[in-house]
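The structure appears below as structure tokens.
As written, the chains take the letters A, B, C and D, and residue 1 is the first residue of each chain.
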Amino acid sequence: MNEIEKTEDCCGHGGEGCSDMEKKARDDKGLGMGVIFFIVAFAVCFLSGWLVFPKLLYSSKEQPFNFDHALHVSEMDGCDSCHYLREDGTYNGIPTLESCMECHDVEPLGETEDEAIFCEKYVATETEVPWLVYSRQPDCVFFSHAAHLNGKNPMDCVSCHGHIGESEKCKPYEENRITGYSRDIWGKNIWGIKKNPWDRMKMDDCAECHLEETGHQGACFQCHK
Amino acid sequence: MDSALIPEGVKRCSFPKFFIGIAIVGAVVLWGVYGMLVCWLKGLNVTGMDDYYGFALWIWADLAVIALGGGAFFTGLLKYIFKVDELKNIINFVVILGFVCYASALLILAIDIGQPLRGWFIFWHANVHSMLTEVAFCLSCYFAVLTIEFIPNILENRQLDKVPFFHNLSHNMHGVMAIFAATGAFLSFFHQGSLGGVAGVLYGRPFAYREGLLVWPWTFFLFTWSAAAFGPCFSMVVLRITEAVTKKKLVKDNVIHLLAKISGWMITTYIIAKIIDTIYWATVTAPSMGLKMSFFFTGEGNGPYNYLILITEIFLCGVVPGLLLIVKSTRENPTTRLIAIILGAIGVSLNRWVMVLQVMAVPVMPFDKWALYMPTWPEIATTILPVAGGIIVISLAYRYLPVFPQEKELNEVTVE
Amino acid sequence: MKVDRRSFLGLGLGAAAGVALSPVGAKLTDDSSIWTQTWFLTPVPEDGEITFEPSVCSLCPGKCGINVRKITNRPVKVDGLEGYPVNDGGICLHGISAIQYLYDPSRVKTPMKRNGDTFESISWETAISEIKQKLGDIRKSGSASKLACVSGDDKGSVAQLFQRFLSAFGSNNFYTMPNLESALALTAQTMHGEDATIAYDLENAGMILSFGAGLIEGWGSPVSCFKANASKKDRGSKLYQIEARLSNTAANADKWIPVKPGTEADLALGICAVILKEKMFNAEYAQYFGGNFNKFAAMVQNKYSVANVSQTTGVPEAEIAKLANLFVKFNKSKSVAICGRGKANDAVSLKEFAAVHALNCLVGNINQKGGAWILPQNEYLQFPDVVTDDAADKGLSAKQISTSATGFFSKIKATSKPDIEALFVVNANPCHNLHDAKYITDVVKQVPFVVSFSSFMDETAKQADLILPSHTCLEMMQDLPSGSGVTRQVVGLSKPVVDPVFDTKNPGDAIIELAKSFEGSIAESFPWDDLEGCLSEVASDIWDTLSEDGHVVVSDKAPGSLPSVDFSFLAENPATAALAGDNNEYPLILIPIDNMRVAPGAQASSAFAVKTVADTVIKGKDGFIEINPATAKNMGIKDGSEVKVTTPSGSVVVRATYFHGIMPGYIGMVQGLGHDMNNMYVADKGVNVNELITPVFETGSGLDAAFGSVAKISKA
Amino acid sequence: MKQNNKQAHKFGMVIDLDKCTGCGSCMVACMSENNVPVKEDESDKKDSITWMRVYKLNNNKPFPETEICYLPRPCQHCSGKGDHGHSPCVSVCPATATDYDYSTGIVSQIYTRCFGCRYCMGACPYHARYFNWWDPKWPDGMESYLSPNVSPRMRGVVEKCSFCFHRYQLAKEQVYYDGEERIEDEAAYQTACTQACPAGAIVFGDLNNPDHQVTQIVKPNPHPEHDNHDVVGKSRNPKVFRLLERLGTNTKIYYMSERKWVRKLGDNYLDGEWEKADNHHGSSHG
């Protein structure tokens, strides 16, 4: 139908019976109820979306036992005494039990019960510690520590990993139940908003830095495999 | 029982009768949905596609429905921009038709891609060089536009219209419809075109590749033109079917004649362009890649892809309907007109088929072979699914909405 | 208050708006897409330190050096070993597939004992004691010679420990599967009267005259042959390929000379005749020609005149003369003639080998650069004498049943009550790889006690009463001497690069363990704890280097001295073995095709290898015969259509595929298919051509010389 | 970065078809190196994932004039018309799941980005791109031979030859470890197929590096061809050709053969065109 007809027949319609007053009243009531329901529903969904949803989305696990980075860093001076580049330039990541046992033995060195657990549960039985890696990237990602440590403008660990080296307690490991990613990849903030460079480890963060440093985001195959 | 919803002053079949009809079509829909689930759960290995046929029935269906739905944007263009006022009597209907076609296209795309949950990457990680990106954006935008164009008609439903809010909403929307129509026309121009571009830019595929203007190969313009030309044909076909089913005349002849005439001229001009394009391709483009035209239509194992398909597309389903619709006598004779619009609808579908499937069939490496393809039931079911869905939408719209302004006048209801 | 439609509308809209303005939508959309990138349906390989471990491949006679890439003790890739004297970095597809054999679905995971038609797992202890029990009884009954063993070859300590066990036990019924190596040894024996092997200096040869040898089909030591063949372009060397079908070698050769299969010997002798007639033979070397040279010369010149030979072989007379001249006068370096159809691991004829070797003798390329080298057997293993007791001596006094594995099986069937009470099968699959395989299978069924040492549940293992599963090549320590035509005599050491995946054993260790379970002489003959202990003693000269470097080059230059040549075998003009069956009833001839992508040996093809095979070799489960379009059209057979192939040994239904490169009147079928194994990648794909070929035994050598079979085909 | 600057590598390959024996080592080396799954039945070559496929060419002559030749076909890593990096596939991918790396000349494929529209497969005339119609499967235990350097692909995405890019990444790590920036040594980065080929038929290297063997064999012409400006990098060696060169895809896989009939099968020609092209090529450079 075109406009003219419509206005006509709606006037006609208005003319017969129902006065504007009644109409208004009817609408108010209807809309009134509607509005109340609207507000309630909105509030419930909105709040649960912000407050409950994140709780549901992430599971939280504790490390097998607490690892005192601060202590080890001071003892071993520096991160690279445990996390280092191999001869072939690849990165060793989390040290294997073997390398821990270069210092540790079945007999604990200190008094902490965490070390006690370590010694009896892992050293004694020679089983690797199932550490939960906060910064574990997905399988499709190829990250070259060598390039970032030995490249043109070397970076320090903190710029991506934050101040974990100064931590005495391991924070609980939070895993996204859907994706299986560590929460640190997306960032603590549910919208993924970051304050510090190390608050997030998504591709965009790599690209951002690459753009600044190299003038180009880099080709896909630079960081994917 | 649903009489309260039926527009005033028009007659509709009894609800049970209507319900049975819908139920039958609904069964087909269910079959389609089952096929869809199979594709999603088992993966695309259930289809007849392979590494030579990455594009097949589905992509054809997409291109075809969008071309056929082209009636919406073109009629809209005529009515709102060029103010061809008679078309107001059919505009609601073509809008619904367009809505159905575009909804179908989007649904099929969602099944066709290997990782549906990543479908949104096409927007989020868009590659501006890709014709498909252009398609995706324009397609979804135009679908939104069609929805907006459809809404006022829905709001005119007798019950909804009682709500002043909706009443006024639809009123005001009608007011601004011209803007949407213009946007729609613009968007359509691009995505119809970019669908043509999809094939035309494939410079590794001599059968599809076309030179062109700036970033757009000739197929870009041919597709837009053909959609505008053949879209209305399809609209008229469906209208004719609706009239047959409802045993009613719903739109006055002068409207149809007008649309048919416009369509006729569009088809004729298009087909001339198409013929020129084909000749240029056959004599310049393909030879520059070392291939004779005969190679594409003859040769061992070329299956159905012979000259016949070319002749059918261009002459039988192009030139013929074009002429039938520009000649007054044949245009106004219901039978010849019906033949013409049916041929037209077939023609454009055939063109899309060729531009998708024959492209895949033709070997490019001299030591490679022709590849043929046969769809499987899930593909067919999921392709029929939106058609059945469309039938339901149209039936509902016809039953409960004042789609045809002239219906009342053309069919005086004798209240007994 | 009344809750009406609008309330619900409000509810819905409110909820929608609420969700929309919360992170839920965005996050779920993103996470769901990430889920598809990490979901359970796609495995994630564990990362770790990359290490490389060199070893030697034992999958075929080639014995190539391999370099296994590992991720924290997990082999992920097999590469060729750079600088290894046999293959220098190159590797064939089967070697690369070694990692798949590790986890092959048809592997035997524990020792197995037959229980009716099924097998049940047993412990190694039980298995060994069971065998000891059975064998003990056999010995007691005073028929020690009724233990036989069929082995892949007789080189290397593992094979020789089995041979030794038989001797200690009291049987000389040790047989090796037909292979090039033994054919060469036999030829050396016949023509030079030496216990030696023949090697060909292909990478330095000028003209290579190949009588059907599939240089790039897997003949000899495949990778080294590939390299020699590839380098011929740069060296200006030429390859002349003589065979009925355009094999890859023929296609890659400088000239392909089609010849009727089975007449290669005639052609060789024909060329000899020309050389002798024209007095083109090498005068210097001629002084080493033994007594019967003149007799031989006379014989070939009247029996193998160019006319006759052209008649029998189908090679034009001019061509023969031309070949003779080329062969002698090839300007570059020495010419060399080689033979053994395809991979030369099924039918071999001594006459053919001798005739071709005669060519080498006539041009005097023996022990010359680019020629044929007569190398003394590589005796790096010095076993102490076997200790025998009366039972053993009695058994050993009995005569060997036959000279070839095929002969052995046909003999023991022929006799009503089996001459054999127990059979060991190690590194071999006779029920699939020997001609008339079905018949062989029946024979094996008849043998009262069969022990298989196979890694896989193959056709032969299926017939066994006990299976003592062996490691696969990546899990196994063993010494692997090079051979099969390679001039460099290398001993490689295969190392276990990964812990055994299943409860398997090194057959070497197993046989030592078994021997030690006997008291007395047998145990005394095996004074070692295990294979490694054994090796370190019997190969003491080279052991240190071997265990450190992974290989030892025993010799890599031609012997200084020249061996004399004895022509008497050829001078007698031994008969050429004719195919069994009536040519009128069977108008066509079926020849097996060797295809590098199909493993012909003891183990079936890997999943990788099968994947590379063309769809004109396997389509779905269907096998194919190659047929010349001319032949096919006469019979109205369409390309790709099903045909019934019938030979005296049986009949199968396969598809026909047109190939212009096969001689009209012949049909070809790829070797190494049609496996009956619990392995979806190879199971029932194609048919086993060996089931269609009837062995024919060459008089004198007693070798199975069936180069194919008469056949007929009809539309199926 | 955006254009092929001096610093950039341009990795390419030349395959000597006269040396190729069709043995299949390259195919298997590739499958094993790149975690390519194997289905129970791979005899339908139209859905069988083989990044490196070896085609069997023949001269269509009857016995005994028949000749055959094998042609290994990895991804051709097209640099597109005029060498601008707009490969047929890269320019059509709607989600930027495949890109042209101007610093290596390698066409990438990012499985986690790809959503499986298969447009790139339609765009590729070489059929070098394969779709994962099925979920990848390995028999029990067999998945433990998978390499962590190449991520296995999920159902519903496209995959293809990457020039063993992970080997470049590893080589790069070594280079960085040694305190350098750029890979110069030819041997430091070789593809799995090149390394495996027992006939040494494949030569791989940096076409921008005059010291590399591949450059010396191919002698690529850095300038556009006068008769077809889309074509850049045509070989000046008369025995060397590229597949479908006239399309202007500018592949980085070159083929070499002494046999005319083989070279002719490298592209489509109208009657008489081939002879002209060949003679021209022969005379002007040979």
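Some notes on this structure:
Methods note: contacts are C-beta pairs under 8 Å (C-beta built on N, C-alpha and C of every residue); 3 or more make two chains touch, one makes a residue touch a chain.
Only a predicted model underlies this, so the values are computations on that prediction, with no experimental measurement involved.
Where touching is counted per the definition, the chains common to chain A and chain B are C, D.
Nearest to the global CA centroid, when each chain is reduced to the mean of its CA atoms, is chain D. Contact tally for C-D versus A-D: the pair with more C-beta pairs in contact is C-D.
If you average the Cα atoms of chain C and of chain D, the two centres end up 33 Å apart. Our note on geometry: chain A versus chain D, Cα centroid distance of 38 Å, whole angstroms.
Mean C-alpha position of chain B lies 63 Å from that of chain C. For the pair chain A and chain C, the distance between mean C-alpha positions equals 56 Å. Multi-chain contact residues, meaning those touching two or more other chains, occur in chain B at positions 115, 118, 121. Shown for chain A are the residues in touch with two or more other chains, namely 30-31, 88, 90, 138-140. Residue numbers of chain C whose C-beta contacts span two or more other chains: 32, 35-37, 44-45, 47, 50.
Across the complex, chain C is touched by residues 18-19, 21-25, 27-29, 31-33, 35, 38, 40-45, 48, 50, 54, 56, 58, 60-64, 66-70, 111-112, 135-136, 138-148, 151-156, 170, 192, 195-201 of chain D.
Those residues of chain B that touch chain D in the shared complex are 43-45, 49-55, 112-116, 118-119, 121-122, 125-127, 129-133, 136, 198, 201-206, 287-292, 359-360, 364-368, 371. Against chain B, in their complex, chain D makes its touches with residues 44, 46-47, 55, 57, 71, 81, 86, 88, 91-97, 113-119, 121-127, 129-135, 154-158, 243-244, 246-249, 264-270, 273. Of all the residues in chain B, the ones that touch chain C in their complex are 115, 117-118, 120-121. Within the complex formed with chain D, the chain A residues making contact are 85, 87-90, 138-140, 142, 144, 146-147, 149-152, 214-216, 219-222, 224-225.
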